[in-house]
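Some structures are shown below for you to check.
There are two complexes below, and they share chain A, which is joined by chain B in the first and by chain C in the second.
Let's look at the complex of A and B:
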């Protein structure tokens, strides 16, 4: 959250995160090349570098795709999500380095334009890799908050969901390329294990989310029972569902309800906390006032609010959303 | 045949990117501060960071420039 954009929103935690990413990448590349040299002493450094960069990017892609469902299953993974965009940009740059080295090594020696050669030779696996790289580029190029604000959260999120299509392209790129020419089964096993891991993780996270997504019972005239007030911890929320998810917060002896969806990256506001009087998104720290769903000035983000009431020690929230930023009188807890 | 198709596709992509650059540079110089207040006082490094996206998504940028207003 910032009034004026900066190039990269670094803070101490993000710098530490980025150092881990870069160090991890360099250690992996050195390890891969070292082990490969022991196994294939006659391999050229160019070939080893191409393979090391490719496997590093593929591995990073698996980590990136694992972070979302892991966070849904266990909030202790949230710090990984906080800076996922930097990991994504690093993955794109690693994949780009792989592509550049591969084009120079395999397509720049003849008379034909190297890019034409790339698209017209082999089993087509290069074209699949190039298509995935274009998607990764679009994601990296639009990863700044400027794009989130100007494309709008819906378009931005849809664009970035393209990572799953890119993953499918990369799996085919590996299957028709490296697996086609590699006699040793280790890469095939690793690729299969990666796919199985991601599939299982996403299914388990989706099932968990779906179980909590059953619509809460409407009691009368559109009101939903959010349960006993004492069951909601101070500064925390209970998430209820009425088609849309609603976060019912208890704070300072009051009850307020807002949309569970943060305007920034659709983070789950109901899993956040009230900090300094503001509902704070657990993903990137975007804040909203519980009474009106507005970010404190000078920020301008707004989420929908909901009418609330407390009867007999139980909190009730109306299922009809008010327009984003509409003030609603909190109920006394 | 396939080679001709690849050459043609690459020419189209190159033309698209040149137009993108012709839109992105003036937008960064004159337009971005008017369409997004948070970009008005942003440092030049911010402009470098968003340039590749502006080139790639230049039709969107044109639309934003002609009809300012944040999407929802």
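Let's look at the complex of A and C:
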């Protein structure tokens, strides 16, 4: 979290994350080009560079799209999500390098402007790739929290869900281009396996989430039974649902409830925990005070709060949300 | 079960840090393994070469139509009194034909610097700008007979194959054919590079047929929509020394 904007709010974890990204990318490019030169001595270096960058970006896109559902299925993957935007920007830059080399190789030094040639030579697969690259650019350019704050989480999130449309464009780009020309079935098998992996992962994660999404029963004038207090671990939450998901936290002998949706990137607050007296989002560590849903000063984020009560050892939460940041007296656990 | 909660800006527990290092190492190893598999599988790459960094001096007779070629002599084969003639199609740098560079030189003896492009017995030359000059040829001092160019009408024929731009296909790019190269081939042919039909005979051997229309005129702009697609072309086949020309009458996708 930060109260002012800087290009990158570096910390040790982000630096380590970026070192792994850069090392992985360089290892990939070196192996691809090195092995290709040995296996295909007639290949030209420009072609190998174009293909190495293309396949690296495509693989990175698969990793990026896998992180979200993997984290929903198993919190052990959360460290991969923490700095995912840097992986996304790296993927965009790799795809951009592929595009630049390809445009120079296939469209430059001719009788037409290379960009005009790109759009007019009638090779649909290149146009599909260019369209995906525009989406990746918009996502990379707005990946900073400055844009998240100024566009608002809803618009920002919608824009960044465009990655799925871009993925579909890239699959068609590969299918109508490389797969149309490749004699070896490995690339086709790998592309199909990648699609099957992502589809299965998203379906399993969605089904798991939906299973816990059944609206809890309203027992009395809008109150919901959140279950025995002792079933909620200290510093953790139980998520109940009444149209909206509500995170019911137990901490320091008290019960409080807030919206399950973090204001930063809509992370699941109920999967977080209370650290230093603050509910801490598992995605990027954004924090809120349980009693009023406000980020501790000087931060200004607010989430909705809910009335709570404890009767006979069971926690109850009212289904009607209070305005974000409204103080609510915690119930005694 | 180990405590898996992770906040990037907080100090990571030693156990989590060790686990993350193992995961990072595994991901990097996986990246190398994936690159190796995809690199072995990538292709297809044909046997073709382009002497990008090597200029040589060439001389011979320039023939501008039906397509620009240099007719050059090679030493006589053993047992023959005659030197042989080879035809070397000419292109300019980039995605351009030699058109303007050879204006007024049809039939002239010329020498120039060029870069060799070779595939399966067909050799093309990329002319280095500003190096073409005329010269007056002299008869061989040893009295070796001068060979005349041999032109042979092989009659009507029908071929199926792929229309490629001859420059990339013969070696400047690899692969210089198929869908991935289609945009470049269109740009090259639109820029004056001679189009070529790449086909194979019944034994799978490559044949390279230079394409012109039935009247021997360039048909570059008329075939752009057929480039890098499976096509069938009917026309008259002609052999000029070691090069084959197809005077296309009809062409269609199949």
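Everything that follows uses one rule, which is that the second predicted complex is superposed on the first by the 332 of 333 C-alpha atoms of A that agree within 3 Å, B and C clash if a C-alpha of one lies under 4 Å from a C-alpha of the other, contacts with A are read in each partner's own complex, and residues count from 1 in each chain.
Convention: contacts are C-beta pairs under 8 Å (C-beta built on N, C-alpha and C of every residue); 3 or more make two chains touch, one makes a residue touch a chain.
Predicted model only: the values in this text are computed from it and were never measured.
**Student:** Overlaying the two complexes on chain A, which is it for chain B and chain C: clash or fit?
**Tutor:** fit
**Student:** With both complexes superposed on chain A, which partner does A:71 reach: first (chain B), second (chain C), both or neither?
**Tutor:** neither
**Student:** Of chain B and chain C, which one contacts the greater number of residues in chain A?
**Tutor:** Comparing chain B with chain C, the partner touching more chain A residues is C.
**Student:** Name the contact category of A:112: first (chain B only), second (chain C only), both, or neither.
**Tutor:** Both partners, chain B and chain C.
**Student:** Which partner chains sit in contact with A:40 here, chain B, chain C, both or neither? Use first/second/both/neither.
**Tutor:** So A:40 only meets chain C here.
**Student:** Per the contact definition in the header, classify A:304: touching chain B only (first), chain C only (second), both, or neither.
**Tutor:** In the superposition, A:304 contacts neither chain B nor chain C.
**Student:** Applying the document's definition of touch, where does A:53 land relative to chain B and chain C: first, second, both, or neither?
**Tutor:** After superposing on A, A:53 lies clear of both chain B and chain C.
**Student:** Let me test your reading of the model: by the given contact rule, A:147 touches which partner, first (chain B), second (chain C), both or neither?
**Tutor:** first
**Student:** Rounded to the nearest angstrom, what is the minimum C-alpha distance from chain B to chain C in the superposition?
**Tutor:** For chain B and chain C in the superposition, the minimum C-alpha gap reads 12 Å.
**Student:** What part of chain A is shared between its chain B contacts and its chain C contacts?
**Tutor:** Overlap of chain B and chain C footprints on chain A: residues 112.
**Student:** Can you list the residues on chain A that touch chain B in the complex?
**Tutor:** Touch residues, chain A against chain B: 2-8, 112-113, 115-116, 119-120, 137-138, 140-142, 144, 146-147, 149-152, 154-155.
**Student:** What residues of chain B sit close enough to touch chain A in their complex?
**Tutor:** 2-3, 6-7, 9-10, 35-36, 38-43, 45-46, 48-50, 52-53, 56-57, 60, 64, 70-72
**Student:** For a test of understanding, state which residues of chain C touch chain A in their complex under the given definition.
**Tutor:** Residues 4-10, 12, 16, 20, 23-24, 27-28, 31-32, 34-50, 93-96, 173-175, 178-184, 186-188, 190-192, 225 of chain C touch chain A in their complex.
**Student:** So in the complex, the part of chain A that touches chain C is made up of which residues?
**Tutor:** Chain A residues touching chain C: 1, 11, 13-14, 16-17, 20, 23-25, 27-36, 39-40, 42-44, 46-48, 51-52, 55-56, 59, 74-76, 78-79, 82-83, 105-112, 117-118, 121-123, 125-126, 176-178, 180-184, 186-187, 190, 272-273, 275, 280, 282, 284-285.
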